[in-house]
Each structure stands twice: as C-alpha cells, then as structure tokens.
Amino acid sequence: MIAGQLPALVVVVPLAAAPLVVLVRRPVAAFAIATAACAFSFFAALLLAAEVAGAGPISYALGSWPPPWGIEYRVDAFNAFVLVLVSGAATVVAPYGWRAVAAEVRRDQLYLYHATFCLCVAGLLGMAITGDAFNLFVFMEIASLASYILIALGRDRRALLAAYQYLILGTIGATFYVIGVGLLYLVTGTLNIADMAARLPAVPDLRPVLAALAFVTVGVSLKLALFPLHFWLPNAYAYAPSAVSAFLSATATKVSVYVLLRFYFGVFGLPLVVETLPMPQILLALSIVAIVSASLVALWQTDLKRLFAYSSVAQIGYITLGIGMASREGLTAAVVHLFNHGVTKGALFLLVGGVALRAGGAGFASLRGLARAMPLTALGITLAGLSLIGVPGTAGFVSKWYLVIGAIEAGRWWLAALVVATSLIAVGYVWRFVEAAYLAEPGPATPARGEASPVMLAPAWLLVAACLWFGFDTSFTVTSARRAAALLLGGAP
Amino acid sequence: MSDAGLVGAALLAPVLGAAGIALAGRSPNLREAVTLASAAALFASCAALLPRVLAGERPALALFEMLPGIALAFRVEPLGMLFALVASTLWIVTSVYAIGYMRANEEAHQTRFYACFALALAATVGLAFAANLVTLFLFYEMLTLVTWPLVTHHGDEEARAGGRVYLAYLLGTSILLLLPAIGATWAFAGTVEFAAGGILGEARLGGATLAALLALYVFGIGKAALMPAHRWLPAAMVAPAPVSALLHAVAVVKAGVFAVLKVIVYVFGVETLAGVRAADWLAPVAGFTILAASVVALRSDNLKRRLAYSTVSQLSYVVLGAALLAPLATVAAALHIAAHAFGKITLFFAAGAIATASGKTEVSQLDGVGRRMPWTMAAFAVGALSMIGLPPAAGVLSKWFLLAGAMDLGHWVAVAVIAASTTLNAAYFAPIVYRAFLRPEAAGGREHGEAPLSMRAALCASAALTLAMFFAPELPLALARALEAR
Amino acid sequence: MSAFASHYSYWVTVFLMATGLYIVIARGNLLKKLIGLGIFQTSVYLLYIAPGKLIGGTAPIVAEGFRVYSNPLPHVLILTAIVVGVATLALGLAIVVRIREAYGSTEEDEILAADRASGGGG
C-alpha cells in the first residue's frame, strides 16, 4: 500500500516537513524533522531506484487522474538516479547543518533555515520526478525561491546581493522555460512530457517548436550555469552558508542538467536537436569555452570557496560537453559526471565550510599550514581535489574516461586532447591548495590546531569516501548512467 | 596461502605498513620497526610467489569492476615478478639506510616520510602486478602522487620548485598522452588486458597509427625519462637521499621503463610492431637520450645530478632493448631493470653517505674522500663498474645481451650507441673514483669518518647484490628468459 | 494587416516581454529591476491565456445551448504562475530591504562600489 505511494511520498514528505518545522520552531526539533524527512526521501529514492532497475519505469497518477489529463509522476532509470543523488546529498548535508549553520545563522532564525532547506529538497526532487512540464516549472520555482533564501542567509552582506542577482537571473530562466513550455502546449495541446513527445512529430509547423526549443534551452541553461549564463553562480556559492553551497553545488545545477537532457532527448527528440538545429555544436563550443575560461579564472582566485565555485562552472562544462557529443558514450559521461561531480563538489564545500568556520574565511592566507592545524580536513580536500582532476581511483576519473572514449570513438581526437589538457589546469588549482596546506608554514590567519566538529567532519568524509568508492566500484554509477543514456537515445539498455 | 591471497598480501603489506607507521608516529623506534616489518612482509610475499611464477603459474587477483569490462585486477607474470622482487629486496636495504640517514640528518616530518615511502612501494607492487592498462595507470598515478611529498620533503622554495617540475612532467605526460593512449587502445582493441603477443594485432592498424600510438605511450610514460620528458628526474634530486636511491633510481624510474616494456610486449606485441616497422623511430630516440644524457652527466659537477643524468641515460638502455624488437634485446631490457637497480642504488647510497658524513655534494670536492670513507667509496666503485658495464658487476650482463641482440639484427646504430655510451660512462665515473682514492685531500677540510653504521651496512649490502648478480645471474635470467619464450 | 490584427494579443505579449527584460537589464536600481521582472512575467500570463479563449466560447460548464467552450486549463496554470510571481516579487522585495539595511542604498553601482571599497572581490 505504502510502496505504491512512494513516488508521491518522496516529494511530499520533505514538502510537508517544511510547514511542520515552522510550526515547531525549536531548533532541535526543527533539525530532527528536517533530517528525518531527507533521510526518508533518500530511503524512498533508493527503493524506487531498485524497483525501476528491476521492473522498468513506474507511472504514478497524482490524485488518480490518469495521464495525460492529470499530473503524472514518472520514474525511470534516469530520474531515479537523479533522485538518489538529490536526496542522498540532502541527507548528508542536513546533519552537517546542525553545527555549521548554527554558527552562521541567528538562533531564532534557525528553524527558517531548516524549513527552506526542506522546501528546496522537495522542489528539486519534484523537478526530477514529475512527468508534467508545467508541474516541473512550479517545482523549479519552489526550489529556486528556497535557494534564494538559503543563499541570502550567508553571514557576509555580499550574500544578499548574490541572492538578489540569482533571483533576477533565476526568475528570467524559469520564465523562459515556461514560455517554451507554453509554446509547446499551444502546438501539442498537452503538458505531459511523454504525451508531448508522442504528439510533436505530427506538428506541421516547425517554427513554434524551434522557438520553444530555444526558450527552454536558454532558460534551463541559466539555471545550470552554462557559460556564458553562469554569472550568478560564483558569488552565490562563495557567500552562501557552506552547507548551502555544498547542497546546491551537488544538486541544483545537476537537476537542471537533467531537465535539459529530458527535454532534448525526451521531448524534442534527437532528429530535431541534432539535425535541424546545430545544438550539439553550440553546446560543444560553449562547454569548451566554459571549461577553459572558468578553470583559468579558478586558478587565480584568492578564496578557496570562490575557486571551487569557478571550478563548478568548468565541471558543468564537462557535463554539457558530454551532452554535446550526443553519443552513447558522451551521454554516459554526462550522466555519470553529473553524479560524480555532485559528490566531489559536495565534499569539497563541506570541508571548506569547516575551514571557514574555524578560520573566519577560506582565503589562501588562512590555508597556510592547514595540514598541521586540520590534518583530516586538509587530507579530505586533497583527496576530493584529486577527484576533481580525474586521477584514477577517484570518481572523477570515471567521468573523464567516458569523455575521452566518447571523443575518440567519434574520431574527435582534438576533443580528447582538450579534455585531458584542461584536467591539467585542474591540477594547477588543486595544487595551489595542496602547496599552501602542506608546504607553507602556518601564518597568523591559520586557524588554531583542531578539527571541525565531528558532525561536520563525518558527513564531509562520507562524501570523500564516496569519491574514492565510486572511483573503484562503478557498478552503481556507470550502470545507471548507461541505462539512462540508452533510455535517452531510445535504445534498449 | 592461495595464489590470490599471496598477491593480496604483497599489495596489502606496504599499505598496512603505512597505516601502522602513521599510528606509531609518536614512537620513532616502533615506527621504524613497523617499516622494517612491512618491508620484510612484502619481500616474503614476493619470495613466496616466485617459485609459482617460475613454475609457469600466473597467480591472479581480481577485485572491483572499475569500468564495465575493465576490472581492478592483478596477474603476476615473470617481468612483473622480477620488478617486484627487485623493489621489495631493495626496500629492506633502503629502510635500514633510511633509518640511519634520517636520524643523522635530523630530518623533520619523519612519520610522513616513512608512510609515503611505504605507499610508494604499494604503488610499485600494484603497478608490477597489474593485469591491465587501467590498473597500471591507477598505480602509475598513485606512485607520482605519493612520491610528491617525498620530493618536496624539505618544504623550502627549492623543494617546492622541484616538486612543481616533478608533478608537471609526470602528471602532465600521463594525463595528456598516456590516458588518451589507453583510451585509444580500448577503442581499437576493445580490451586493455595485457596478453601474450599483444592485443592490438587483431585491430589491423596501419603502421603510422601504430607508430603514433606507440609515441603516445612512450612519451606518456614520463617516468621512463625518455628525452624530452626527462626533466623531472634531476628536479626530483631535491629529495632526501633514500628517496633518490630507492624511488628515483629503482621504483619510480623502473616503473616507467617497466611499463614501456610491458606495453611493447603485451599490448602492441613484438610481432605486430615489427610487421609494420612502427617502432623504427624509437631506437634512435632512445639512442639519442643515452648519449645526450651522458654528455650532460659528464658536465655536471653536482654528484646527485650526475647520477640522475646517468639514470636517464641508463633507462634508455631498457627502452632501446625493447625498441629493437628482438628476443635477445628484450631479455636484455628486462635484465637491465634489475642490474641497473642494484648498481644505481649503491651509487645513490654512497652519495647520501658522503653528504651526511662530510657535507660534500659536488664531484670537485671529493678529493681524497676514499681514504676517510673506504667502505663507501669501495661500494661506489662497484656501482660505477656496473654502470660502465665491466665485470664483475651486474651491468655487464645486460649490456652483453643488448649488444648481442643488436649485432644479431645488424642494427649498427645501436651497437655504436652502446659503444659510445660505455666510453662516456667511464669518462664520468672513473674520475670520481680516481679523485676519491688517488688525489690528496684539499687542505682545511672537515674531519670526518664513515657515515653511521646502518647506512654503511646498507650500501655494502647493495654493492654485494650488484656483485652477486654477476656471479649468480640464474634467477633474473630465468625470469627474463620467460619473457622471450612467449 | 490581417495577420497583424488577428494576432494582436501576441504583439502585446512580445511588447511586454521586451519591455520587462529591457528594464531588468538597463536599470541599475534594484527595485526597478524587480518591477521589470514583474512586467516580464506578466507577459507570460498573456501568452498562456490568450490562446485559450475562443471567440464566442463560454466557461466550460456543460449546459443546453452552449457548444463552444474556452479552454480552462491555461487559466488554472496561470493562476499558479501568478502565485509564483507574487512569491518571487515578495522575496525579491524582502532581499532589497535587507540590502538597503546592509548597504544604505538600492543602486547597484553604489553597492558594488561599497563592496570594492570594503576590500572584497566583485
């Protein structure tokens, strides 16, 4: 009975937790409810993923209105994977917030943090699970509004401006998306994604469809911070509370990538995206510029949080690069990197948060001699940094491998060369940290000896361990990604 | 113990050793006992594997599925056995030496030093036993990363600069060239497993493609120090002497040439390469490296730098042996991995001992040092003989096989290179021995005797091994010959 | 002429869209940007609602004598979108209030200048 309702519960539980938290208000209870809701979603997402892997896609009619009239929640191999990533990241970050956010947010406002966190989780999960294009917009706005609030909670006053800028650009992005969906609705008369895809080939006039494609692409690209629409991201990640940076970098952009993939391959279809319009070429070009320019900018940052924020823009470039290849290997790389980068960047931001809390900031001056002051934190950042580079034995390597293989099999040697060459820039910015932490003598800004609190360190190291684990045992990540790629390209898994 | 168990034990011994070293960091005696114990355990595991490999078995261990169709897997074949045996034997000797060296020089961060050292050995053994290219790549990169803290051990500006060059060359070449090469192999052959006779033969690639792929491999494996990818080795000389001795004369550099040899024999296949003459360009490049590095060595006054360039030169003997694609030359390449290791580690031990006892680091300062440090310089002389290729030291064996292989083929360029390089080797090693024993000491020098006992014992042991390999070459020869037989 | 006239609601939509976006981009005042954003969002409401209306159609209640109905779905969708728009505007205004408290200004260039003066990167 309950099992049949899982697709709804996975979203509804964190959604309902938010008002409950507001009613309860007491920080301890608020924390407990939020964490429990996230953990429940994670558990439910795992169950759903297992069921989808065994029995194929699940269709859930919300309120028993059958699709395409009612809203359908549809779980398949791809979004089950995304659900696991989002709810998993939420479950790891929620306990971290207990100490980290308490230090950055006023105590009487703590419950608001937990409530908005739940809303953000519910919104992102809803974006991933829904099979209805307009419902997706609503969830997108729930997640976005919650994330604007979360970012604005940062201690630095620049967090406010970052949140404002993100609000403006995010709203424009969501509105573009909804314009695209509106045009699609006008020509197909349906909002159900699967139904839309089925009706689209019969549409006689291509022009509104192409316009819709353009609007959806620009709108979602704003959300996923595709170059040159990434300007909101570095400030937002740099000034948000660390828990928020970690959660958003692990999930928000990733879910948007999911939406883009879903629309490209699940609605518009390969012929339209690849043959009628040069989308792959456009994506490749933008991705390459993103990877190169953002990596180079990251190299010159003086603050570790900003450095990792720019690195996020570059890493998203690798994901869209995989999409731009529009091949089985490329899509596998994109989906697997979506997961691996989420785990890696989540770990990094959680660890940097620990440093920022102890040192009052994450500027390079406070990183000098960090290996002696906070050995576990420094080691964790180094290991996750290796995953960012793509060293074998880390999750990042698996993504790089598929990108290289995808490029070589398509005969694009220059692309393979580019992927490996830009990894070297990542070596540069990761090694700036390593040299500062391990070789420099501690300076006046270095925190006193002592690790961050265990409730912060444990979730962070859990993700670091995941970075390493998914570098060795890829049966979950790569299998899921290959299934997703096969699903998107419409072949048998 | 089962085959897989022994392979696992060999891999785990140094890893557990590193963990134990980290835990025992407070007590130096306990920490160093753990180092020696894990070195002994590694050696015992390798020694236990040896009879099985000689009997024709190929002990294997498969762990994870790292990528679909590519497992993290190990398979012990003769060449890997030889390499692992050499490395594990010399780790024991080096540990004894390192204890004396680190204490006498009052080095900082000793726990980190011993732990990274153990991890470097774990990476070496993993690389030696790797059953496929991806596993090899994994340990290759791990070896680079765990030796970086050893290279930058002193933490000063010079060490940092050296560490940057080290990383830039090793990570740069491996990510930029080796990774695409492995990816291309996977794309062409559909597998990355090492197999007798190679895996690229089926793909029927053209000569130009194979030559390009081979170039990606040999330059991508920067640890082989083929010019122009050799700059990292002199840069790594900022490290403490035991690191230069074991890692930058044995483990890291041999990992490079070992990988090159393995790629040529087990990935390309000697016959595939010879069939389309795709490796013709490699012998001249290796020959050039041999001679050019020797010339640089001749002009270097710094002893460690001279030894480093000598290593660059000697490594290319192995590449040359592999590039000739003849059975005898391949045997020579495999033998040289062992022969050069024993000799060169002795030389570095001696250099470290001289620096520790007298503070002298330049060749021009070494006048008369042999009278103050007779044991050290006698061992140095043995190492130098091995480098030049004179009996009764091990170096003559591999050089003999290489020469015989080149003559069989009528490859007169190679013969000329070997002859010229022997002369050059003599020209830069003989003066050191001459200065040390026959020149009078400069006035006003510091009073000093030999280095501490443990260092002296270690360098005498490695010199003895160099001699022993000449008088009893059966074991390495048997392992090397197994390579030719396939 | 006829294509222009019969599609006049689209022209209004496009005009509002462009106006809104222009204000968001061109204005430096944080409040004015939000107003532009509101106009931009409003254009989308029109985009959805206008095509749902059929000339001569009535509310979709099945009754004698009525055969032509307007599509009710866009209205429902836009009701939701309006709620989202209001929430966004409210949140935006709240953030602007906080920004004014923190910086004493709602002009973007003055705020950026204040940040530069306090030593932070832009």
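As written, the chain order gives the labels A, B and C, with residue 1 at the start of each chain.
Definition applied: a residue touches a chain if its C-beta (ideal position, glycine included) is under 8 Å from a C-beta of that chain, and two chains touch if they have at least 3 such contacts.
These numbers come from a predicted model, not from an experiment.
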| item | value |
| --- | --- |
| If a chain touches subunit A and subunit C alike, it appears here | none |
| Chain whose mean Cα position lies farthest from subunit B | C |
| Closest chain to the centre of mass proxy, which here is the mean CA position | A |
| Subunit A and subunit C: spacing of chain centres that average the CA atoms, whole Å | 27 |
| Geometric centre distance via CA averages, subunit B-subunit A, whole Å | 44 |
| Centroid spacing, where centroids are CA-atom means, of subunit B and subunit C in whole angstrom | 69 |
| Contacts with 2+ other chains: residues of subunit B | none |
| Partner subunit A, residues of subunit B touching it in the complex | 63-68, 72, 134, 137-138, 141-142, 145, 149, 152, 155, 159-160, 163-164, 167, 171-172, 175-176, 179-180, 183-184, 186-187 |
| Residue ranges of subunit C in contact with subunit A within the complex | 17, 21, 24, 30, 33-34, 37, 40-41, 44, 47-48, 51, 73-74, 77, 80-81, 84, 87-88, 91-92, 95-96, 98-99, 102-103, 111, 115, 120-121 |
| Residue ranges of subunit A touching subunit C (in the complex, touch as defined) | 134, 137-138, 141, 145, 148-149, 152, 156-158, 160-161, 163-164, 167-168, 171-172, 175, 178-179, 182, 185-186, 191, 302-303, 306 |
| List of subunit A residues in touch with subunit B within their complex | 386, 389-393, 398, 400-401, 404-405, 408-409, 413, 416-417, 420-421, 423-424, 427, 431, 435, 438-439, 471-475, 478-479, 482 |
